[in-house]
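So the structure is just underneath, and the comments pick up after that.
Chains: A, B and C, in written order; residue numbering restarts at 1 for each.
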Amino acid sequence: MERQPDSRRDNEPLSVASGIEMMRLAKELFPICRSITGDGVRRSLEILGRHVPLDLTEVPSGTQVFDWTVPREWNIRGAHIARLDGTRVLDFAANNLHIMQYSAPMDAVVRLEELRRHLHALPDHPDWIPYRTSYYNENWGFCLAQSQLESLTDPSYRVVIDSSLKAGSLTYGECVIRGEREEEILLSCHICHPSLANDNLSGIVVATMLARHLQQIQCRYTYRFLFIPGTIGSITWLARNEGRVAKITHGLVLSCLGDAGGMTYKQSRRSDAAIDRIAAHVLRHDSVPHRIAPFVPYGYDERQYCSPGFDLPVGCLMRTPNGEYPEYHSSADNLSLLRPESLVHSLGVLQRIVAVIEGEATYRSLNAKGEPQLGRRGLYAAMGGQRAAGYDQLALLWVMNLADGCYSLLDTAERAGMPFATIRAAADALARVGLVEPIA
Amino acid sequence: MERQPDSRRDNEPLSVASGIEMMRLAKELFPICRSITGDGVRRSLEILGRHVPLDLTEVPSGTQVFDWTVPREWNIRGAHIARLDGTRVLDFAANNLHIMQYSAPMDAVVRLEELRRHLHALPDHPDWIPYRTSYYNENWGFCLAQSQLESLTDPSYRVVIDSSLKAGSLTYGECVIRGEREEEILLSCHICHPSLANDNLSGIVVATMLARHLQQIQCRYTYRFLFIPGTIGSITWLARNEGRVAKITHGLVLSCLGDAGGMTYKQSRRSDAAIDRIAAHVLRHDSVPHRIAPFVPYGYDERQYCSPGFDLPVGCLMRTPNGEYPEYHSSADNLSLLRPESLVHSLGVLQRIVAVIEGEATYRSLNAKGEPQLGRRGLYAAMGGQRAAGYDQLALLWVMNLADGCYSLLDTAERAGMPFATIRAAADALARVGLVEPIA
Amino acid sequence: MERQPDSRRDNEPLSVASGIEMMRLAKELFPICRSITGDGVRRSLEILGRHVPLDLTEVPSGTQVFDWTVPREWNIRGAHIARLDGTRVLDFAANNLHIMQYSAPMDAVVRLEELRRHLHALPDHPDWIPYRTSYYNENWGFCLAQSQLESLTDPSYRVVIDSSLKAGSLTYGECVIRGEREEEILLSCHICHPSLANDNLSGIVVATMLARHLQQIQCRYTYRFLFIPGTIGSITWLARNEGRVAKITHGLVLSCLGDAGGMTYKQSRRSDAAIDRIAAHVLRHDSVPHRIAPFVPYGYDERQYCSPGFDLPVGCLMRTPNGEYPEYHSSADNLSLLRPESLVHSLGVLQRIVAVIEGEATYRSLNAKGEPQLGRRGLYAAMGGQRAAGYDQLALLWVMNLADGCYSLLDTAERAGMPFATIRAAADALARVGLVEPIA
């Protein structure tokens, strides 16, 4: 019996189109300087709102959210370092990574020795600009290539940061696609990074396309997409939605979904939640190599969803995880790192995960004693003696054999070593001839 | 501590005799054209009945058995394909595999093009005749070597099938060897194949010899041997014995037990039934390589015994499994495939499985606090300081250590990594000196 | 995240000192002829009593202890084999292994043929003297090098054994270090071997140093060290302390702790006792290779502590186990086999095991919903964007994430894959800022 990877090659033209569309959206979002608050986030959500219905929430600075306080809003118009003769040697206009996020406004001449304490570079990658932040500790800084850093030799430079750091609000977007049930699937991605592509424009564009796909089908579950700043965003959302979390039956944080690497599924804190089994099942039957990583309380917003007071069934789907690709958190994580075929494949994996969530059910045999005679129902080969049952015939036998009310279709797929879709199709065929029925 | 495979080489002359006897019985049964009904089955059961007490049951055609109906009885006297000048080019008399089982009677001239749709061959093995059936879909067909098929070039042939397909009955045989208890061990083998040796004359002759062996010893359990046609036979037996199945504590389907390959034990649907543990234990301590295969709802009559309404603790013991040896379901599965030493070894494995079923018990220590002084009871070496306890001394220590009422002798054997027989002998020695007693 | 083996190299000068001290103590004890009773044991315990407070117990010969009887006391002053002209060819004075333990007194001329039945050598190691005993079967014997044995060619020899075998007592020592709780940690080592170094002067000197270390710290648990003859000693202690055993929460038998090999932890009979987890945890984070061996009812006094009537949570800590190094139970197991650095390392492992026993606790988060803001408490890096959390920051996140009352600190360390000490330090830091509190 051969395994049939659920490859869906028949969707290829559609795939190419959606790959092009995701790349186009990523390119549009790339130049915007996002942070955990500010106009960059608002402009990005406005763009996403053209693709899917999006509710925006503004939470005022100073709002207490559990152990945290919503910070002041940060906006930046420009920043540079110049020689005393006015020649700019580093300019935010060239790359928004040049400014450490949340740098306070300033305009001063600074001696090189002091300036150097505020400059960040990557000696191992002398041409890349690192990404640095100082959200909760007022400070200022510039990030630059090691080569640029070494070229600064004047005794003093003029440093200008045209930023504002004042009372405002934290902004996040929410897209809810209602299904038949109140139970919710949470899909969360962080939108706080400036010009970084894989982390996390990839997660944002895949989430957007998935939401659009779900709008077009009738779902059993309700799907909630969160487009939020990392850490403070999820904490804020949780603090404002404590009553809602009990409805979340499955969840995924989406990030780093566009690089050339294989898939990584990071388990929820529980490690045995339904989403953990489903993601592992789908990846096991996928043609791309994958890795199941245990939960670690470091990473993305699963840290908050899986904090002990919530302990939600939320895992994290990635290709190459945070910190494991060299370009991570640097200017090298740019659009050239994104592969349209990776974005399309990531979207496909998510669609197959959704198909399991939606299609999971438990059946009861209406012919429990002995096998039913499948042949007279047109479900079995007429002639006997051949070497083995066909692949789909074996799926029928598995569904009948395990339709005792104890095994779900996913349980059956796992025990049979077959993809969920094959088992689901067999159950449908058997239900049509009245041999099994779903248990409510 | 070295492992001692339970090899029983001291029984060698007895083994040779039983090997010769099993081969002789297989040879006697081989030429008979058996099917799922008919005189071939009756003649075969009559021969077996000379070796062991056998009750025959006849179930009329048309009897409803769960989802199935006992089919019409099929008998065949002859069949051939002839040139229009009368020269026979294929004759059932030469090999009973030439006729597709349950072929309807006919006598007609058929054009080659039409005839070819009723001819079955094996292009990959051009000299072998395949085995084909069409029990539940009225049809006719001939099986032949690819070389024979290619030599048919006349425009038309005369096709004669001197068969009958009419109301009659399905026949099966049952051999019950009563033990002290009502609990039963079910041993089932299919008898519906025509001239095929490993599948399943091997299972039939090994079962027969095992039954004869059990007649000669006093058993705790009752042993029920079923000689039945595949699928419809086990379904018929189950339908007629629903009240009895609750008494079945262990069961094995026996097939393909004569080839040169290692042993295969296919687990019951439960996978953790006592028979699953026992078979795995015996094979682990056997000198022949083995494989434990998980349950799959395809194979032999375990499909019926393990259907969800019964879910009996029935596994399947084989050497090379169905479909995994090239000669499977072809004329190459003939007597030359059977090895007397394989039949003898398969019988030995079954005897050791029976020995565990019969010898399994739980003991309680009568000296639970600290070790007993085995030396003063003559059960321990008098002199100390040597490198390690002898093998049998270690068995004594294991039995004493685990005689807390929670570990059975099989549990003890498994934890100790020793064969059951060694642990059983240690328990007997300790019981003789009053250090342990069985728990009722 | 790199693993940090808990190597404690900063204690090196202290380690050298304790290595020298343990070697000195082993040298002092080495020449004494110990057995399961007698003055050799008393003299040894007197020496140990100079290092740690030791209570001595004398149990009269003939005392019934469970299935056993305390044997007569054996003492030996001298023994030799001489030619009939008086020349000694073998003398106990040269090596106390020359006499089989518990040899009865005698003075007789014995024919070579008869004498040979009482001589024990190791043909595979012709220069080594074996160690042999006959405690419970009155006998006599000499142990000698194979080369010595072969040089005995006179027709008769005079055999003199100046021993006594009479009513007396069995002696054992007990060192109890009281902690806050009544629950006890049992540490047991056998003291019945004559001039053998690794088995078990190593265990004795490491136990002594550990007891001295524990005297210097304030412990939660009470620690009970037993210095006892093997088998009969532990049985005697158990028979006299049946009421106490319920207080034993963890235990270790200590032996063979001075050779150059890696560590071996032999599990308790239960295999999942706290001590089994703790020992495995400490060894997993140790820099020296180790092996976890399953319980076997053969070895040292764990055989008695783990007999079914007690089933105590007692494992056995060794370097190379009994019977697995060639010098075992022979004159080659002498002081040259002991390595001071191995003794020191074994002591370190035991101290780390004690640190887990003492430091194990369960914490509850006082900030369960979402992560706390560690940065404003000085526990987190001020600047974000770097590749990964620092090792200790990750420990803080793990403790917070698992502080739900279900995970102990050891559970947390195991799930995090970090040494217990790192997790313990993180919990202390978090408790200081009021983010977690211990559950009583």
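The rule is short, and it goes like this: a residue touches a chain if its C-beta (ideal position, glycine included) is under 8 Å from a C-beta of that chain, and two chains touch if they have at least 3 such contacts.
In this text the structure is predicted, and so the values were computed from the model without any measurement.
Two copies of one chain, subunit A and subunit C, touch each other, and the residues they use overlap weakly: the shared fraction of interface numbers falls below half.
Rounded to the nearest 5, the angle that brings the Cα atoms of subunit B onto subunit C is 120°.
Subunit A and subunit C have Cα centroids separated by 53 Å.
Among all residues of subunit B, none touch two or more other chains.
Put simply, subunit C touches subunit A in their complex at residues 365, 367-373, 375-376, 382-389, 394, 397-398, 400-404. Per the touch definition, subunit C reaches subunit B in the complex via residues 65-68, 100-101, 130-137, 139, 141, 231, 234-235, 238-239, 242, 269, 296-298, 303-304, 306-311, 323, 328-329.
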